[in-house]
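Here chain A shows up in two complexes: once beside chain B, once beside chain C.
And now, the complex of A and B:
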């Protein structure tokens, strides 16, 4: 017991780090350079119009440097600011960086990307510009992943929701911790749209059992479920980048998923074990 | 509540008219895929329509659900596969009237985010492969459903009509998540352009290529059909004449100053001493 506590105390938690600290910890020591940083004072014009608190980096850190010697850009979303929501500026920082990384590759520089998804999705106070920005992020991921992997990490505790969960679904690889959740519609929104019988947003166990990191990896919807430990996450990224591009991106497997979904009994509510069975059988086939 | 929670049937109507009632390429009830001509050349038209008997109960009103997302992906992948070796890639027209993604427990459990990524990714791949992709908004273009079906297009055209709306989330949910009343949300939507639901405000964001006047968006006549055809053909010609395959054409609107500023900063700072 006491050794377990010691291990916990000595662990370098990734979750407890802020976005900037996460980015710095992933890149090789001394290589990180922040672009479009807080001193550029990129405050959201739309939040200001609504008398809401703005932040000089709009909650997204663009960190360029090296990972295991390879040119890498880390796009870290700050979950502690506005729920990691995507407004015009934050989304433009991510999309614009991925666009430049793709351009690098076309010019012979094999820049790769990591996105730290800590986000509820569109910032509803910037609604349509957030949605448009997310479409541009998705476009840029698909462009860049033709050359080098784009790896998504969802560490927690915000999780990854809304349009950004779709962006995560476009990544070459997805890394999650047990604390993270990945889903399109947040529990509150499902409860609002479909009723409490469909989804009770207070049932935390249910939420994690269906959308948590362990389940997503067990069902093949993510690639690695790792401890909340900075060195472990860094090592996992290094390993996945070294693998190179997957033979087929998960988002390209339409035929596989249609075949599996045909076997779902839709008369009953989905249970975690059912999803594991159907999606595992799909993999074996 | 005056929220429009169901597809209006416009998607099916416009798809039928634009393709002269040609037969569907698949027997899929909710995702309708029709091969027909555009400007005299083969094109693929795709629409999501209501399917009252959908196996997944949360996807019966025209929502984009698990199966719909992957079927959209497949429909677009097929067009890319057909033209793999062809010098001229066939245009893909997304006829858009989608009230939302499907909201449900099974949807989350089986990874609806991944199904929508399948669709969005397929459209983006098709565009990058040189297929002219055109989005035609004839009704609702909401949230994740729009991301999956249409938002990756080279050019987006919307009909100028009160029934045409674009947004990130329905009003009731948006109010709940942002801790506001629906009334407060509507007041803000009237003064903050990106928060509005109507097409006039949306057009001010610079994301649309054209906003098109029609006499009747719901039951279009011959004149409306001709106008839409002409605009689709013009969009196709515009795409073919443009070497750009990305979405940078959307950054010119008066309300996208911040998006442009961020990209300028990134471009000027991208190359650094360490590299």
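And now, the complex of A and C:
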């Protein structure tokens, strides 16, 4: 017991860090330079019109620096601000950075990218502007991943939902913790739209067993499930970047995944083991 | 949402700039930059209406004596308690006081 407490006390939790602190911790010491930072005062004009308090960086930190000596841009979403939702400005900061990283590569600088997904998806108050921004992020990921890996991390506790879960699916690699969740629709949304019989959003065990990091790795929708530890997450990123691009990106196997989904019996509540079996069979087929 | 502005006497300009906190529930973001010597300004936007008296009293207690470095302070508040507000302001001054400040 006491050794367990010691381990918890000594652990450098990544989840407990804010977005800016996460970005700084991942980059080599002293190399981080923030772009379009809080003193540029890129407040969301739309939230202010709706009488909501704005944050000076719109909840996205763009950090340029080096990871293990390699030119890297870290795009960290602040999950505590408006649920990490993507508005016009925050989304433009991410998309613009990815586009510049791709341009770097075309000019001979092999810049790679890390996106820290802590987001419920589009910011409803900014509606189509947020959705358009997410679309730009997605096409920028697909552009950049032709040159260098784009690695997504969802550490929790917000997780990654909505249009940004599609962006996560486009990444070369996806790293999660057991605390993080990944899904197109959040549990409350499914319950609201399809009824409590379809999905009971109060059943936390059910939610994590189907959409948590462990299950997503077991079913091949994420690549690594790691401890909530800053050094471990950094080491995992270093290892994956060193691997280079995957032979085939996950999104290029969309048809395989559709075949698997077609075999799911929607008449019964999906069980975690059933889902794993179906995804394993898919690999064998 | 309510906006307020304040001004206080102050010392020499702060050494650097800093940003602390998040506009999360019960928390606030404080941005601090060096101001003109002798004068500190504070611009507040808060999600909670009708607490102007509390803001005046709190800021007067922290900045009223005019002993802290001169700064331009922006506060984006999402319902933080006065204790949290005070700690965030002091944290911002502490971090700005380190060489060059801690802000990116």
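Here is the rule we use: the second predicted complex is superposed on the first by the 279 of 285 C-alpha atoms of A that agree within 3 Å, B and C clash if a C-alpha of one lies under 4 Å from a C-alpha of the other, contacts with A are read in each partner's own complex, and residues count from 1 in each chain.
FYI, contacts are C-beta pairs under 8 Å (C-beta built on N, C-alpha and C of every residue); 3 or more make two chains touch, one makes a residue touch a chain.
On a predicted model such as this, the values are computed, not experimentally measured, just so you know.
A.B. asks: Using the overlay on chain A, decide if chain B and chain C clash or can fit next to each other.
C.D. replies: fit
A.B. asks: According to the stated criteria, A:33 is in contact with first (chain B), second (chain C), both, or neither; which is it?
C.D. replies: Both chain B and chain C are touched by A:33.
A.B. asks: Would you check which partner chain A:172 touches, where first means chain B only, second means chain C only, and both and neither mean what they say?
C.D. replies: In the superposition, A:172 contacts neither chain B nor chain C.
A.B. asks: Touch check for A:100: first (chain B), second (chain C), both, or neither?
C.D. replies: first
A.B. asks: Does chain B (first) or chain C (second) touch A:51, or do both, or does neither?
C.D. replies: After superposition on chain A, A:51 lies in contact with chain C alone.
A.B. asks: Tell me which of chain B and chain C touches more residues of chain A.
C.D. replies: B
A.B. asks: Mind computing the angle chain B to chain A to chain C from the CA centres, in steps of 10 degrees?
C.D. replies: 110
A.B. asks: Kindly classify A:269 by the partners it touches after superposition: chain B alone (first), chain C alone (second), both, or neither?
C.D. replies: first
A.B. asks: Name the contact category of A:236: first (chain B only), second (chain C only), both, or neither.
C.D. replies: Touch partners of A:236: none, neither chain B nor chain C.
A.B. asks: Touching A:81 in the superposition: chain B (first), chain C (second), both, neither?
C.D. replies: second
A.B. asks: Based on the superposed arrangement, let me know which partner A:138 touches: chain B (first), chain C (second), both, or neither?
C.D. replies: first
A.B. asks: Rounded to the nearest Å, state the minimum C-alpha distance from chain B to chain C in the superposed three-chain model.
C.D. replies: In this superposition, no C-alpha atom of chain B lies closer than 12 Å to one of chain C.
A.B. asks: What part of chain A is shared between its chain B contacts and its chain C contacts?
C.D. replies: Residues 33, which sit in both footprints.
A.B. asks: Which residues of chain A touch chain B in their complex?
C.D. replies: Touch residues, chain A against chain B: 31, 33, 35-36, 40, 42, 44-46, 49-50, 62, 64-66, 71, 88-89, 92-93, 96-97, 99-100, 109, 120, 122, 124-136, 138-140, 142-143, 146, 162-163, 165-170, 182-186, 188-190, 192-194, 198-199, 210-211, 216, 219, 221, 249-255, 257-258, 261, 264, 266, 269-272, 274-275, 278-279.
A.B. asks: Quick one: which bits of chain B touch chain A in the complex? Just the residue numbers, please.
C.D. replies: Those residues of chain B that touch chain A are 55-58, 66-67, 70-71, 73-74, 77, 100-101, 103-118, 120-122, 124-125, 127-128, 143-144, 146-148, 151-152, 166-170, 172-174, 176-178, 188, 191-196, 202, 205, 207, 246-247, 250, 255-259, 261-263, 265-267, 269-270, 272-275.
A.B. asks: Quick one: in the complex, what on chain A touches chain C?
C.D. replies: Checking each residue of chain A against chain C gives 18, 20, 32-34, 37-39, 41, 48, 51-56, 63, 78, 80-82.
A.B. asks: Show which residues of chain C lie in contact with chain A when the two form their complex.
C.D. replies: So the residues of chain C in touch with chain A come to 1, 17, 19, 22-25, 27, 29, 31, 33, 45-47, 74, 76-78, 103-104.
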